[in-house]
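Each of the two complexes below includes chain A, the first together with chain B, the second together with chain C.
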Partner chain A sequence: MTTNKIEVELKNFFIFNSSWDSKEGEEYKKVLYYYPPTDEINTQVNNVGLVEAIIKFTGNFKPNAPVNSLHTQKKRQLYYQPEENYWMVMTLNLPHVAKSRNGSTVNEYLEEDVHDTVYEAVLKQAYLMYRLFAGTFCSTEKKSDVSHLRNKLEHFFSAYLKTLKLTHCDILNVFAGIHFLPLDKQNFLNVQCFINSLECNYPMIRYVSFLFNDSLIWSGIEPNDMQIIYQYLIGTLLPAHMETELQGGSIPRNPLSPFASLHYGRFITGPSNLKTAGSVGKIPKIFLNNETNPSVFYFIVYRALSSTVCLFIDGETDLSLHLFKELDEFMGPKLSSIASDIAEYCTKHITSTNTPDGAPRFIYFNKLNLAYKSTVHLDNRQTGNVACNKESIKVMADMNAKRALMGHAGETIVKTMNDYWIVGKISNLREFYIAIQQKNASLIDISDEVKKICDTELKGIFFHPM
Partner chain B sequence: MNASTEPYLELSDNPVRFEAVNQVTNVFFDDSNKQVFAVRSGGAMGVVVKGSSEDIPAINFRMDDKGPVISIKFSLDHNVLAVQRTTTSVEFMNFNGTTIESEYTQNCKKNSSLLGFVWAQNNEVALITDHGIELYMVIPEKKALKHLKTTSATVQWFVWCSRNKIALLASSHGSHLQPILFKPGTISKLSKVETEPGRMTLERDVTLATLYDVPAVLILRHQSGPQTAEVHVHTLSGPGQAPVKSHVLRLNLSGRFAINVVDDLILVHHQASRSSQVFDIALPGESDGTVTYHKAVAPARSLKPTSLKLPGLVEPSTHKCELYSPNWVVFQPNIVIDAKLGCLWHIKLCLPVLCSQISDLPLCTQLTLKRTCGKDVLLKLILEHAKLPKPSLHKLQESSNHINSVYRSWAEAELQMQTASPPGAPPPSRPPSPPRVLINQADIYQQVLQKLDKEDLLQNLEWTLISYMTSLSEFGIPAEHTLNELLITTLVRRNKFTALMQMLQYGVVADSKPLACLLLSLGNLHPAASQLALDMLARLGANEEIQEVLLDQGQLLSALKLSQEGVSPRKFLEAAQNSGDPALFHSTLFCFKSSAQYAHAFLKDERLDTFIQHYKSLFPDSSNNSNSK
Partner chain C sequence: MASNCEVEPGAAPESALVTTDSYENFQQMSSSLEEIKNSNFTSSTQDEFLDNCNNIDSDLHVNCSTVSVSSQDEDYIRDEEWLGKSKHIFVLSSAGKPIYSRYGNEDRFASYFGIMQALVSFVQADDDSIRSMHAGDTKFVFLFREPLILVAVSKTEECTSQLTAQLNYVFNQIASMLTLSRLVKIYEQRRNYDLRRLLTGVERLIDHLLDFSEQEPAFTLGAVQCLPLTSSVRDAISSAIVQSCSKIKNLVFGILLANNQLITLVRMKKYCIHPHDLHLIFNLVQASESLKTAEIWTPLCLPRFDASGFLYGHVSYLAEDCQACLLLLTVERDAFFSLSEAKQRIVERLRRGNCLEAINESLNTKEETCVDIGFPELRHYLYKCKSTAQFHQPSMGAPYTINCKRLLDLYRRAHYRLHCPTRPLKLLFERTSEDALLAWDTRGFELYAILEPLTDTGNAIATVGRLLNWIKKREDKLFQLNAPTF
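Right after this comes the complex of A and B.
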């Protein structure tokens, strides 16, 4: 059966400020950013006006919590107010299938496929990502002016929206979790000591984070900031770097001195080739602690073998090429040796996630440290590369959306039409979702199976008794 | 004088004073008993014997002058005095502590020429001649000696080490060096010292010493040409105490040297530059597989200037002593005698000063770990380093590694002593001797970490603590509770809660109930702390505590589900009552009433009646129903 399915797609995306009074005919001034730019000014103004009206109208019924989304037959509109009076709106075309009925084709819209929670998270993340690199809307407007804010938004979002993979958004977007590397104490402490000596020798380095492949080992910054940086690293920066690495063969070799300590480090942000660089080049700046004490930091990423070190350097520091050279000399050999130790540990102790095809799959998330683990997803790249059917993942998202009903702890079991069992467990602010495909299973079988998985996967943590 | 050039070696404050050498007085030193003999007019005018300290009372006696004395020594128990005046015989005199009682003589074998004699045991004396060694037993009561053993060897000169009872016999101009070991009643030859064939050695270039409880032959080797002198250390550590050339000390100087040993450190004095260098063979050095080459541990320094107080007519004057004087003679292990001045000093090492001149902390740590009074010095050193604004954490950790390596092997040895060995296994030979410097976690905690526990040093405390704990972990030593607790409180005080969470996540802090409670108390500020505390309790299997926590959080049902063994129904019922949820109260009450374990409690325990009453007030209609159950 070939169904011609059209996936979910972005209809429009805009940001406006509702507080600016507008004289008639000047409403377009409210609009700070609008996508697609091909929409006429009038359409833009109309869309914004409609959203404002909806927000105002619904506000009458529930003044303390603003409206989140609007469901229509063909569309879904999501609202997010990140800062007072600033609204971000995203409109999606629902996925649909063309079905022929009585000779004529009718589009069937799949409303259930689009979870509010998932796309709310996408919208929120868009804001957080912007804020990471550009600071709050409000501060930009205060510091310079609206046109500057418009430029910044334009600059950021026109690129960012292109990277959105709306089709593959799922429960992981809701979590926006961080994958921690399960490492032994000694290797962890070695990383810790490396970071301490780095911070001790270079006081301008305020925070350090340490990743191995796609997994975080150490973060000196708060989890909510790390969450966004992690998404950026894993989703954008590192994959881009890998590509150049694969093309150019980045490992610098120095055949002249085979006895020199192994040193494979290089800067990913900052001067990538210290020998030829004439200046430090452009170093990205980021905004951290936006909620409490916004401050600017240089964001320097250094990588050796599979280890990535993120340095957050005080934004006031005068960065010189000399400093980079010094850092390179300091970090390179140490990082290379730590990385190879970790790699050795991983090959020995962390069995690959190649679980057999039919085996149960799970997603784990801990709200308190934002740690997640998924055997449902086969990579961290949001490519839709999943090991169980999409329906199960959607059920998980549903369970997640309704988790408030379970209170401190609880369990939900769902059986789907195609012999999938989805179990959602919540305890102690942790969420654990399991998908099991088993024919002719009874509730008891599944319960036992879940217990087995919990015993191995949730070893050493407290999970409420059921 | 600033710290970097301050001398780290000094002469003892109170030298032993004796009559200086002059026309009528000869001075002898016996390095077995460490006694100085001032012999006036061959003994006729009296002999004054001073011990190695001014506290030991001097011995005075007279003996007949029968010619110039070559050598004079008391037996080890001071009952017999032996005097050598000729090259053929030694005279023995019984001594009662004040006067000489009787005399008798022992000649060496015919055609032999006596090179000297040594007291091998309390009552055994060995005459060393150019033909070998003759061992005799002295029998003071009979005023006679009994021949015990003779070993023949060609001897040109010999060196004696009283501590290890080893004599080194030299022949062929010192190119042939033969160590001899003395045991009660017997003597045995050890393997000869392997030197480059034909290489001659002077008597004054050979020192017998004890390094880390192992006898050693130290030979000064002067090099020709631009090369500088070396000291070759042959330790008697091979099979059957065979000498093995194991270390070479590179002096980077040439000229006249003298060697002392203080606290197992080799001091090499250089007369021309009036300075001394310090070597430690326990430190790592360049090695070619068998021989380790050492450099001085610190720059060469002169001894600390010293002066003598001389009684004067009007007021006492001071005499500045000439250091590295040509009149100096050094004896083992650490004695310096200036015969012209009539002074005997002991050389002392000032460890803190020496350490201050070694810039490398790990090296310094290795050095202090081997010194008898190194513990306080080392702890201070680490504290000082940890207090620096930018401490080298890498060095600090390396230093901790050296400390913990000693700590670990000691702990292992102790454990081995305590564990029962299977029957038939040989009993543990002897309790292992504790290392010279043993620094355990309590020491580091009290002497270093607690002293860093100040507001302005918290950052340093965190760094030091983590690097120490990393080192502990590397040596597989579990961290004690105080350290774990300090880590948690330090991170909390530094507002590094995220860091703390990660530490706990990766198991840096070992689980324990007290720590779980500490985390629970942090739960108000950081919800994650409660989660981690519950995890920790779960790993410890502490169901009771988990129940308490759950009850506290109002999760009554979960607490009840966890376990119903040995709980107090009252606690749960009270919590249910306080929850104000009638359904919950109902379930809780019926859960207990229907349980065989607790049903009878409702009959016995009057205090539970209030809950029945409460139930009746909540559900007036069903009260009869409830009672009937």
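Right after this comes the complex of A and C.
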């Protein structure tokens, strides 16, 4: 018997508006975006028709939420209604193993390997990312017309779908958390002062966020907005920037006198080389506060050493090259020195995450401040670079999906068929999952081990009912 | 904990029940009626099922009065009570004809059946098959077993595979009345056939089966519970049945049960009964009041045993003063009188041996709760012996006497997590503010113990160890450890 696993893959992805009561033969007009474009119009219309039938049929039974998924033997379809009557649909081919028995090949589909919760989060994030850069579907349609909305969707999603790493999606997608950097008072105050003086001197800067490597230190915008911007920075913008730096290093060098303060700053969005730039170029605009008071901001990212500053400038402002030059002169030296101080602090005080192989690995998430920490994942790039077996991470996602049944607090310890132990603890809005690879441990050993880990990693965080 | 593995209360080398995992392939059959008949050189080797099917032809009238989709549909769509039911079950033909609805008259929402059929066939057209849809608290689970479509719309905590299992039971209940072969044949001949014509009376059995399977952990575990009896009494009962039936040919199973518990099961050599089939028999007995007053001769198909044909059952209660029900199942369609005589002989033997009193005594004894047997920290448990597909549970104690639904939900959830097809677990320990649960799957047994919420792992392990020893000491009373044959 040979096995050969085919991973989960995107079958199609489409957006439609269910309120348009189109005439027979014109159903295709409902479809706002459809991937892959190679599917014939007929197929597209049929697929939308099935989804509409499902929405309607399930709605008859008065569920407490609209339909969110369809499971079939070979596929999984996820639904998300981000705005009234607008539906986003993502269809996945389930991972499967081709098993050949006596010459004939049978595909075994792994339904349980694909968590609804994980891919619902992926779909939701696709919407939030679109909304960040393009605003709501509804507002676009109102302001201009459907064809404009179609163009915007086409423009955004054709690129975005290529960046999805469906195979490596896991419980972290559900959390979409932010990694925070704990700092000492002095360094934190330095960051604060820097941000305050920026905001005082340049009133058109409405909000500022500050990151060090992949960790957030300060954010002036709403947590919901920061959550999606964080995903964009860590997942897309910063890695792309690092790549260009590595390949030909356009780091501005300032061969000034050794007495001048160091200046390593440069714009990541905005004019990257101020000396040669003739104009400000194209500055990305984003939509913040979408749920309360949607407004447009210029999104300017500036980086020095390992520190990244995000400036959210009022969308009405007239940006000039002069302003960028001034901002660069203002931020460059200050940020360079703050960054090197933080770097020094980190090497001294933050213990490296190099836990030995086989040591317990954990994931922590607090829904209240969206903070997460993972020693299971070795980077934040969703590359599948993980320190424990994938089955354990899936068991964690199982626990997460069923956490509502636990009430406000609870603890689960399980042992898998391969003798791995996975522990899940839930307390109000905090979740803590641990994978322990100790083959010969007993249940009592494991609960002792968990107590130890909680003492060292979660000092001061109370976990009921422990 | 490993040291306790040697204790395997209730284990036996031979079992009268097919041992099983619950989420397996439901369509697999264990036996063949043909084989039984042929091996016993009986005369009735005619394929009576073809006969049967031919007979149907003659009573197939044109019964396709089209159900008008009228505004009456709207009544149910708006009916809060109907919508508020925690679990709807629908059965329809693959052509979309309504066959059964758990609540309400199915003709009044015929359009829903049409949509369900359309969903199934649309997905099927893509060389795929629909399994379930999820909308918030509501699950829509589909099971397509040629020639029927079964759908559950559930707001309960049960997971998809448990709902699918329940739908399979419903399908098997229908098949047990008609045989699968006949069912398939009917629709081959007339795609639009209204099956309800053949299922009068079966609806009641399905209603009962659904309630029954929601209340009994036996269905979750795929096992049966035995009436506690000392082994000498149980052996005496078994041998009374064996001796009284010694001259009767082709008797496949003799089953004695009372109060949803098995007293004994005697079988033909080499043949075993599947727990699922036994559950259908329990359901039949429990749902049929008329059995209490009369002897009944009924054809009965055991779908997991052989879905293609009928066994014939002589069903009767032992005596007015002993409410245990005896079923004698044979492949002979005209053995009523010889089995009726055999039943009289069995009752006489049991009476002489004081077995009826022993059964009554056990039936009248209130089962002990965990507190009664000296486990104050233990609230309830299920113990399943895998090699015999039998299980034991104590009487329900506080706080589950009031909320036994929660208890069953806990068990179902734990059972699924241990048996989840792609990520099965060996051990599960879970604590919430309401209770603690230890579920343990070993090669020989499964144990689900519900403990006080503040029990720590050390105490949980110690309690479970003591419990296993307690069960071991009483295994010959709590389980049928041998598998007697005719």
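Here, the second predicted complex is superposed on the first by the 459 of 466 C-alpha atoms of A that agree within 3 Å, B and C clash if a C-alpha of one lies under 4 Å from a C-alpha of the other, contacts with A are read in each partner's own complex, and residues count from 1 in each chain.
Quick note on the criterion: a contact is a pair of C-beta atoms (placed from the backbone, for glycine too) under 8 Å apart; a residue touches a chain by one contact, two chains touch by 3 or more.
All figures in this text were calculated on a predicted structure; none of them were measured in a lab.
Asks: Specify the outcome, clash or fit, for chain B and chain C once both structures are aligned onto chain A.
Replies: Overlaying the two structures gives chain B and chain C room side by side.
Asks: Is A:N190 touching anything from chain B or chain C once the two structures are fitted on A? First, second, both or neither.
Replies: After superposition on chain A, A:N190 lies in contact with chain B alone.
Asks: Between chain B and chain C, whom does A:K75 touch in the aligned arrangement: first, second, both, or neither?
Replies: Touch status of A:K75: second partner only.
Asks: Between the C-alpha centres of chain B and chain C, what angle is subtended at chain A's, in steps of 10°?
Replies: An angle of 130 degrees, rounded.
Asks: Now for A:H408: first (chain B), second (chain C), both, or neither, which partner does it touch?
Replies: both
Asks: After superposition on the shared chain, which partner residues are touched by A:N389: those of chain B (first), chain C (second), both, or neither?
Replies: Neither chain B nor chain C is touched by A:N389.
Asks: Would you mind checking which one, chain B or chain C, touches more residues on chain A?
Replies: C
Asks: Classify the contacts of A:D398 with the two partner chains as first (chain B alone), second (chain C alone), both, or neither.
Replies: Once the two structures are laid over each other on A, A:D398 reaches chain C alone.
Asks: Does chain B (first) or chain C (second) touch A:E222, or do both, or does neither?
Replies: The first partner, chain B, only.
Asks: In the superposed model, how near does chain B get to chain C, counting Cα atoms only, in Å?
Replies: Distance of closest C-alpha approach: 6 Å.
Asks: Which residues would you name on chain A as touching chain B in one complex and chain C in the other?
Replies: Common interface on chain A, chain B vs chain C: 408-409, 464-465.
Asks: Would you pull the chain C residues touching chain A in the complex into a rising list?
Replies: 1-2, 77, 83, 88, 112, 115-116, 118-119, 122-123, 127-138, 140, 153, 155, 157, 160, 413, 417, 420-434, 453-454, 456-458, 460-461
Asks: Across the complex, what residues on chain B touch chain A?
Replies: 390-394, 397, 462-463, 466-467, 469-470, 473-474, 498-499, 501-503, 505-508, 527-528, 531, 534-535, 537-539, 546, 553, 555, 558, 561-562
Asks: For chain A, which residues count as touching chain B in their complex?
Replies: Counting only chain A, the residues touching chain B are 180, 183-186, 188-190, 192-193, 196-197, 200-201, 203, 218-223, 366, 368-369, 371, 408-409, 428-430, 460-466.
Asks: Under the definition above, what is the set of chain A residues touching chain C in their complex?
Replies: Those in contact with chain C are residues 50, 53-54, 57-75, 110-113, 116, 391, 394-395, 398, 402, 405-417, 419, 442-444, 446-447, 464-465.
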